[in-house]
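Next come the structures, one after another.
What follows is a pair of complexes built around subunit A, which joins subunit B in one and subunit C in the other.
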Partner chain A sequence: MNTPLAIVLIAMLGGAIRVSTPFMFVAVGECLTEKSGRINLGLEGTLVLGAMVAYAGSYRTGSPWLGVLLAGLAGSCLGAMHGVICKLPRVNDVAVGIAMMLFGTGVAFFFGKPYIQPTAPRLVSIPLGAWSDNADLGSALNVNPLFFVGVLAALALGWALRNTRWGLIVRTVGDSAAAARAIGISVDLVRFLTTTAGGFLAGIGGAFLSLSYPGSWNQGLSSGQGLMAVALVIFARWSPERCVLAALLFGGAGAIGPALQSIGVTQGYYFFNAAPYILTLGIMVATSSAKRSARDIPGELAMAK
Partner chain B sequence: MDSGAPAAGEVSGAVLPAAPSERAASDLALRLRAGSEYVAIPALALAIAAFLFSLFLLAIGKSPIDFVDNIWRGGFGSGFSFQNTLQRSAPLILTALAVAIPARIGLIMIGGEGALVLGGFASAAIATPMVGVVAPWLTLIVMASAGVAVGALWIGLAGFLRYARGVNETISSLLLTYIGVAIMNFFVEGSLRDLSNPNKPSTRPIGEAYMVGKIPGTDVHWGFLAGLILAVGLQILMTRTTFGFAARVTGGNMRAALAQGLPVGKLIVACAMIAGACAGLAGFYEVAAIQGRANASLAAGYGFTGILVSFLARHNPLAIVPVAILFGGLVAAGGLIQRRMGLPDATVLVLQGLIFVVLLTSETLYGRFAIFKTAASKDRT
Partner chain C sequence: MASVEFTRRTLLRSSAAGAAGLAFGFGGVRRALAGDLTIGIVYVGARDDFGWNQAHAVAMDALKQVAGVKVVEEENVPETDACAKTMESMINLDGAGLILATSFGYYTPFVVDVAKKYPKVEFRHAAPLWNKDKDPKNAGSYFGYLNQAHYIDGVAAGLCTKSNKIGFVAAKPIASVLSNINSVLLGARKTNPNATVQVIFTGDWSLPVREAEAANALVDAGCDVVTCHVDGPKVVIETAEKRGVKTCGHNASQAPLAPKGFITGAEYKWETIYKQYAAELGKGQPLPNMLAGGYEGDMVRNTPFGAGASDEAKKAALAAIEDLKAKKPIYVGPLKDNKTGKIVIDKAYDNLDPYLDQMDYLLEGVIGSIT
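This part shows the complex of A and B:
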């Protein structure tokens, strides 16, 4: 059990679980938003703001879970802003997303400055690996409760989208706004709510970054995870369950570098740092097509037109 | 009505010789009136953003008047600070052009930062073996070519993927930015690292003799002039040539362009490559005129501010210049704001983000004010 390969695989398993959690939250949130026919590219900013608010909240109140809640609320504020602005005619949701990305990051850096130094109480992980006497496996299976919250949220959302009245309304709005209006649904209201809820989830993803892994707040905390998660939704073909699987895949890819480092392979460190971005791009190239729009794409999405 | 109007004009022109020039004058007035909307609404957005930012400053107990005063002093107030502003507006003009040209063909490319970083890195890397061996002027030409070529390839790749595989160019160009920064870090901390500099991983300095000089009589490097020339040149390219016309047709309606038999794929890749070349050139000037070497300082956020500049200028290459100077002043005054007012360096980011959000919100105002409407535009709607 202590061969280098086993160590790397175990480290990748642990890394996949840890690294995937923020991807998962952002992707599931974005999935809900896109299901209603709107794209919010600003979740990178939401993620960073969520991380900052969670850290500050946990530091101020002493309760990390309160920090998580505050991060979600901060995320929903940004989501609501996006939702309200994009409701106006002639406003481009992709461009607003870019603006929200810059705005969210700026606000997070501005208010986050005093929290770079102090140490805030972090979320306690559940030692699922305690049964094993292998220390590596034990630490790999130290799973943060937010991981399970994310998986449950994805499963619940997937079920609700398929089986509930609310889910039907969201899907109708996403597939044909005209049809939704014809049966008396307020398209703007639905999209506002889904963008707000998406922001809430992305904020919680940020809380995981600052309160669990890597577990501190600094300005380089998120470098593109929010953006990659948005790309991941395309790969997951707008299904919350597949978003979880895609996030795990990405987590695994992101964990290759640190896993190799743990057995002393430091060469190509920067290459492995770039691996998730390259993987995202590769997946986008592989799953897109110039001839037809992606499978299962909500018909109202700007990308589909 | 449409077909009748020119005929009537011709007839009256034949009878009264003064009529055509009168008509031209009123044509200009009408165009000015319609065009002023594109100045007034962004200006209004700027004012609203400034007002909201003032409220923000008041809420955290800082004086907005001090803020304006510091921006004035740090960015525009003296000859020294204004030259500093122009210096900083050079990369902004170039990275804004990198957003504006693809925008004309209907693409939202936001990868200017990556092309700047890689272009700058390529310049520094290719210079390393040439310094001390090849004459400075030749080295600089090679450096600039390398920066332009690498930048063009980088954003051109996003354009190519868009056309050939339908990959969303906004996401891919931003991903390429992260990859570009990682590539630079890989070399700068690895094989190309200057081992005599333990503080900050950098390439070897190109040395004073190999740097781009200043425009005579000023403290501003030649990159600013290059930005001006490119802005004018690209404006001509996009408005006065067949290429520009075809690009704008494609941006207006891609299906119509395809139906017309326009080479849409080539146009998209060409526009993306022009964009990348501009950003790569910005990287070259950052290395050859400011830093003297490539390191993490290249990723200073010019590429992201350039996005805002281009949107505020409504992707018009000529309008980009004054807007870039305005934001260059803001960037230049950032340090002063930090020191004098005790505000974090992210203050400028907050202000930029706010301006961007308000500006995009203001898009909804177009066509809502009767004052900008001409008879022709009423006909259209």
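This part shows the complex of A and C:
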């Protein structure tokens, strides 16, 4: 069981589970926002603020789950801000998103300073690998409950978008604002709500970063994961379920670089560290189809116009 | 428009400088007076990052205790024009007589340019970049040979490992990082001839998720002691502690992060340098342009032993520290590199020998590659 191949595969499995969760939350949240025809690039800031608030909340209250909830609420506040600002006339949602990204990280750094040193209670993982004698597999299968929350949220969202009246409203707003207005839907209200909900999920993604893996608060914690997750939504062609798969793939591929170095494949680590991007690019090229992406993209998105 | 703005700015700047000059008199006179020394320090990150910046901040806290010294600090200053602005405001508004710029990228062009503009103020930068032919005389460099403290980590780790595998999470394959890795190996080999050091390069200074992945991968590969050279070692130490392996720290004290497995750690002792600067400025003496050293100059230290260090390891480490204070060399040839088997260290080199500053290889016994 300790052959080099097994080590790499176990590392990829563990990496997929550990690293994917924040991507998953941000991507699923952004997926909902984009389905309503608005793009929120500020989720990087939301992720960082969520991480800070969760850590601070857990430290202050002693309850990590309360920290998760607070992170979600902080994320909703940023999302709501984005939603309100974008309601104003002649405002570009992409530009506002970039401003919100800087605002979110700035606020998080400012209020997060006193929380770099203290140790807060973390979320406890479920040892699903306890049945195995292999300690590495056991450690790879230490799964955080938030991972399952994320998967369930994605499945529920996917189902709701397809099968419920609410889902239909969101999709209508996203595909044609004029049609939505014609049947009496408040386009701005729907987008406000989806951006707020998207912010909530992204905030929880941040909570995972600071309370589970890597599991501490510092300023470089996110290093661009929020932005990558926004890109994953396009890769997943606006389907919450595919967002989960994309996040898993991205997480697993990210583990290749360190795992290969640990078994002695040390040449070309820059190349292997780029594995997630190369893999993503490869799959995009392989599965691309002009017709299909035109079908999947919400018609109101700035990039579709 | 542009030219108007430029003029206005220059005017403002020079009048501010003039006002400061009027208010405080000439820099030289001011510096000669005891009880009137302001030292400004610029950090690239947060003061309490458990890493590089914290090491400087701890030293500044020690400096604040020195009578007659006032400290002004600014955190999170990027390696851009913002650094020049920060330094100028420390000079003009706070009357700083010495500026300590602590991040690598501050030096060119920012420290050099501002030093030329304010010839009466001293500037010191924490990396060996000062060039005596090109750079202004009121600028200079200081740094610590942290590899000596990492050597001590290795000495202790060699006796604490059962699998004989020490893991090292490294950021980039530059000389100072490679020297730390090689020194850990040589230290470990001193107490445990079977020890190897396995390196994972993350590719950048601060990538917390990849650092955690790297620490996990090292433990998966059988390493039972993990150390690192990244900007903020917090994540690596915490991840290793969670996996139940032992750890050695880097830059500042990470002992509180690993109550069970912490052995010791390599730390800078910047306060030796900072107190020397303060004392010399207080006496009106010129500052050295280049100030660097290791244990022999009291410029590095090791974190007090944690629960992970065995008594044997403590004893060996303390003895090795005495050796370093007595300038006993770490790099004693013949030593081969791990790629071609070529002899790269042919004789015993002094611990401060410039030849070692150009290190671009990993020694035999290190598992890892710099490309």
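We take it that the second predicted complex is superposed on the first by the 270 of 305 C-alpha atoms of A that agree within 3 Å, B and C clash if a C-alpha of one lies under 4 Å from a C-alpha of the other, contacts with A are read in each partner's own complex, and residues count from 1 in each chain.
What we mean here is this: a contact is a pair of C-beta atoms (placed from the backbone, for glycine too) under 8 Å apart; a residue touches a chain by one contact, two chains touch by 3 or more.
Because the structure is predicted, anything quoted here is derived from the model rather than measured.
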Which of subunit B and subunit C A:81 touches, first, second, both or neither: first
Partner chain(s) touched by A:109 [first = subunit B, second = subunit C, both, neither]: both
Which of subunit B and subunit C A:72 touches, first, second, both or neither: neither
Subunit B versus subunit C as contact partner of A:90, first or second or both or neither: first
Subunit B versus subunit C as contact partner of A:227, first or second or both or neither: first
Subunit B versus subunit C as contact partner of A:29, first or second or both or neither: neither
Partner chain(s) touched by A:215 [first = subunit B, second = subunit C, both, neither]: second
Partner chain(s) touched by A:273 [first = subunit B, second = subunit C, both, neither]: both
Common interface residues of subunit A - those touching subunit B in one complex and subunit C in the other: 109, 113, 223, 270, 273
Partner subunit B, residues of subunit A touching it in the complex: 41, 81, 85, 88-92, 94-96, 98-100, 102-107, 109-110, 113, 223-224, 227-228, 230-231, 234, 270-271, 273-274, 277-278, 280-281, 284-285, 288-291, 293, 303
Residues on subunit C engaged by subunit A in the complex (per definition of touch): 45-46, 48-50, 76, 198-203, 206-214, 216-221, 231-232, 234-235, 238-239, 242-243, 256-257, 367-369, 371
Subunit A-facing residues of subunit B, complex: 108, 110, 161, 163-168, 170-172, 174-176, 178-179, 182-183, 185-186, 189-190, 304, 307-308, 311, 344-347, 349-354, 356-357, 359-361, 363-364, 366
Interfacial residue positions of subunit A with respect to subunit C in the complex: 7, 10-11, 14-15, 18-19, 109, 113, 116-117, 119, 136, 139, 209, 213-216, 218-221, 223, 225, 254-255, 257-259, 261-264, 266-270, 273
